[in-house]
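Below are two complexes that have chain A in common, paired first with chain B and then with chain C.
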Partner chain A sequence: MRIHALVAIGASLLMLSGASFVHAVKPEDNQATREKGKQIYEHACLLCHGVDGRGDGPAGWFLSRYEGPRPRDFRGGSYKFRSTPSGELPIDQDLFRTVTQGISGHMPPYSGLSEEERWQVIAYIKSFNQGFKGPVSIALLLPNPPGPPSAAGIDNGRTVYIKYGCQNCHGDNGYGDGKEALDGNLKDTYGHTISPGDLTERASFKGGSSAQAIYRGIMTGLDGTPMPSYADTIGGNDKDVWDLVYYILSLSQERQ
Partner chain B sequence: MFTRTSFLVVALSILGGALLTPLLAPEEAQAIPAFARKYNTNCMDCHTAPPILNAFGQRFLENGYQLPGTEDGGSTGKKKLSDLNLDDVNHYLGFRLIGNVTNSWRFKQQNPPGADAGTVENKTEFSFPNNFVVFAGGTVAKNVGFFVELGHDVAEGGAEVERGFVTFNNLGYRDLAHLRVGKFDPNTFSSYATVRQQLGEIGESQRGNCTAFAPCAFNRVGLAPSAFATKFYGLYDRSGNALSPFAASLFNSGAETGVDIHGRPFGDWFLYQVGVLNGSHEHLSDSNKGKDVYGMVRFDYAKSNFFSASLSGFIYQGNSNAKVQTEEDVNWNRYGLSARATYMMVDVYAAYSVDKINKTPMGVAGLFDSTATGLTIGADTYVTNQTLVSFRYDNLDAGGMLDQRTSASFIGLQAKHFLRANLAIFARGDFNLRQSEGGETAARNLRHAFFSGIDVVF
Partner chain C sequence: MTGYHRISAQALGRILVVVMFFVVAGLADWSPLLAAPQSSSESTGPVIVGRILYRGPVPAPTQLAVNRDTDVCGVTISTASLSVDAGTHGLRNAVVHVDLAAGEVSARIVFQSPAVVRNKDCRFQPHVAAAQMGDEVQIFNDDPVMHNTNIIVENSTALNVAMVAGGNPIKKRLKKLGLHLVKCNVHKFMQAYRVVFDDPYFDQTTETGQFSISGVSPGTHRISVWHEILGVVEKEVQVPARGTVVVDLEYK
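Up next, the complex of A and B:
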């Protein structure tokens, strides 16, 4: 009986999480919400992010040892996964997405927290940074892909990849073996070495592996790392950006 | 100090390692074990150095394989299959192959009492890594988890369920009580867990043909943490098999069948655990007549500065859980403390335990020391991102039959190099600090031992 009841709860949670980004349950950001968020934080996040949100939790060092990334410092540090322009804070939906889907290879997904709990903990981590009290950043427009990828588009994507020097860090074929990486020049804002990752392994993309997520990453950059924002350059030509996105996705397919 | 053969072995293993490195060392791990696969993350979220857990991994274990602070068992990334929610199979299965490929011993062969003085032997063996395990673990529904570990010891042959249990978590309210039923490691939640060792256990070699309830000599000492060891000479299980003073036992046996409850009802700083077991040495013979009970408390400090510390204390009460050579039953108990502090790349841990037989049986009165102690201190540190150096000190103040017992102290050193996150090679040396070779006892006959091996998990 008990198991049945548990399974029923599990199943209904499963259905709920299908409706992930609905924010109907988003509670108001007030003291009570932050208090609840604090309790969740202390169980779920503190061991990596530290009691004061400095990213120095007891389990934080071992994640990358002498290299980066360390767990995020919520007090001032820049955020990587945003839909806002480079240098700005993320909007709430960005944080919600990060907490829900986790950060591939670094932080587990928290879809096991109810949506309300996720919003509560987000309200709490925002309280570490006064910047969130200011005006909310305006998210960039993230259009839908213009259409399915084409061979010619992917070829153009390759050209864009070389033209804008992606290979300097990511390597000619996206394996992360660009000159800057091999020379050890890639550091994050804390001075830790940060790997450009492997673009041929899309499941490892930290901000998500959908075409939109890659588009967003290229447009906004990953603040606090050498991965720049291309909004002002390639962003001028939306087709080039999408071609580039499809080129990157094609790198993973080649490998299969 | 090393003989020519062992020097050759060291040289060969280093050369082998050096040759393998460029072949096997891409920047990123390709394959990762079950839980990391399930959560699409990295081994180091939960481990300081596998298999040792960091503070986050410990809370994950305590929560029955659910992320700390959540009860995500029933939902995260699962498919509904009639009444159960299941992950993809590779989210459950893990595989570990670990063991020495070279064993090199320098020790004095012990002869039966009365025969010639032993001869000094230098022995080097190459072997297939001696142990592999397949394990499956996870959750089948919210707050219902399981773990099964099938082990195969190449030397002993056969495969058996080393551990297998189900967990029911967050009974009452979150973190109040988590229940385990089955065959589990009782000491998995304390500051220094029995089955998570950086310098793995090396078994003793027995002289063979020991008769029931008679003194049984060991050819070569075993290298297990002394705090976890049996410590007594002249103890037997119910069928008369001599218990090795060096083998892990009681609260530290690594696997016993029973039921236990643990929880953190007042917040992260305090953990309690109570349990009942069928009794010790079940795998050797019948379980004993009475049940053994234990309790453990643990205090934690885990907040910031990449620092955590914990202190645990336990009491284990045996109930007719061993016999002496006169076949009289004893209640063999253990009281222990363990502590651990982790700061950035350094992880230091220690355990001290006192074993007491609370009433010396009449038949061995005056011949038997009913108290024994063991101390183990260990430390691991990353000297580079991929190289872990470990140290262990053991001191066994043995008890038991006065004419047999001999104390021992050892130092072990190990360097482990991770070629990938889940593939490491290691070289290890153990030294006997009480190197007198006199006497008929294994605790003194070993001079030093060298091992090198491989550790693969996926």
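Up next, the complex of A and C:
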């Protein structure tokens, strides 16, 4: 089982590490671009994110009025999926990735839009938040995996998982059934109860299930949720981080 | 005539460079670099002092059950969010701020102590503090258990960092204005507040409710007071060009 998991994770890494987003047609962020983005937004995003980007669209209000996660409030709300430090706005590539991939279980991928159209809608979304007019946030260094996982590394990843308290929310075996989750203590910044990711189920990885995406989520945290950033805690100890990533990937691999 | 030495062109050039250095140094205003670090309370000008009062009922501290790490946190946590001095009725941990006059530009702080958030005994210490935007916030975990420090401003994450036992302190800059709610998601009873302003005209009341704010320009200013339980009270005050003005505010 362990060998099978290692081979499968390695194959996944080969496929996923090559998945990059090319931005060959990023238009200039000007009024004309935002106007085109507005037209796309009104057809593709408004239903959940609302007319003014407050995350209060009719579908969003209906779906998440009383529990999280609610649609993103583009005016001042936190962005979960970033490559930037906790509390910072995302960089453009983060927004492009989210629009393209969607959010598993919550938001559809918009890869059907052309790249230019995705950039246009991103330009419009950014116009809701004055913070995007300030200095661009600096992305954390997010390296590629150092190599294929090893059994010893995954064992160490389990140790890291416990050491850094992942089980408090995600549960001892990663099912999202940690004590804090079972006690209903996990709230988003709006006070809505939310559930931690089920690490045994790839579809539960809202920021993506590639090794890089998991690494990114650990280091940046998911703003707006209880998931903290570990960049200042284990940053610099890359081996532990990658061992933890491989351990997390092994949990879903063993379930498949 | 050996009493004189000829000065070479090279030596003359060196002398000129040295002379020019002192001329330029004399013209330059070095005061910002040479001045001693100064906090708002040390600056000259009028001083606003006073006391924040509360004469209402003071409920007994709430005892919250601890749901984990009881060997470190204890079985219950006592929360006393309303601390009033019996003799003076002074209210502790209120944050007092003097608004700038219309059109006034905030003075720049030369030096400000870092804002500290200390995870200790499963509490955030201090419970309440005020700071200026741009100040460094230093977060410590003194407990042998893991915490996270999740700082929320207006439903938005300002900072959420994992604080493992024995880990290094984390240092960040305060980048958002307003009321900062500090929470630990591992220990839900842990909660604290930071209030961040974009000027240095603030203070936090002492155990007897006293505050002191200096450096404010003369004129009409509004004083606003925030307390986590009692909310906000405000009052207008005339600030003279010099001297001390005494202002007491009371929560009714």
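To be clear about the criterion, the second predicted complex is superposed on the first by the 233 of 256 C-alpha atoms of A that agree within 3 Å, B and C clash if a C-alpha of one lies under 4 Å from a C-alpha of the other, contacts with A are read in each partner's own complex, and residues count from 1 in each chain.
Note that in this section a residue touches a chain if its C-beta (ideal position, glycine included) is under 8 Å from a C-beta of that chain, and two chains touch if they have at least 3 such contacts.
Being a predicted model, the structure only gives us computed values, none of them experimental.
> For A:P27, is the partner it touches chain B (first), chain C (second), both, or none of the two (neither)?
neither
> Tell me the contact category for A:L46 with respect to chain B and chain C: first, second, both or neither.
Only chain B; A:L46 stays clear of chain C.
> Who wins on chain A residues touched, chain B or chain C?
Touching more of chain A: B.
> Of the partners chain B and chain C, which touch A:G235 in the superposed model: first, second, both, neither?
It touches nothing on chain B or chain C.
> Have a look at where A:P58 lands relative to chain B and chain C in the superposition and call it first, second, both or neither.
first
> Under the stated touch criterion, which partner chain does A:S104 make contact with: chain B (first), chain C (second), both, or neither?
A:S104 contacts chain B only, not chain C.
> Given the complex with chain B, which residues does chain A contribute to the contact?
On the chain A side, the touching residues are 3-4, 6-7, 9-11, 13-14, 17, 40, 42-48, 50-52, 54, 56-67, 102-113, 176, 195, 197-198, 201, 203-204.
> Using the touch rule from the top, collect the residues of chain A that touch chain C in their complex.
By the definition above, chain A touches chain C via 73, 76-78, 86-87, 163-165, 168-169, 179-180, 183, 185-186, 189-190, 221, 223-224, 226-230, 232-233.
> In their shared complex, at which residues does chain C touch chain A?
Touching chain A from chain C are residues 67-68, 146, 148-152, 154-164, 167-168, 170, 172, 175-176, 185-186, 188.
> In their shared complex, at which residues does chain B touch chain A?
27-28, 39-42, 44-49, 54-57, 59, 66-78, 80, 83-85, 141-144, 174-175, 267-268, 302-308, 342, 344-345, 382, 384-385
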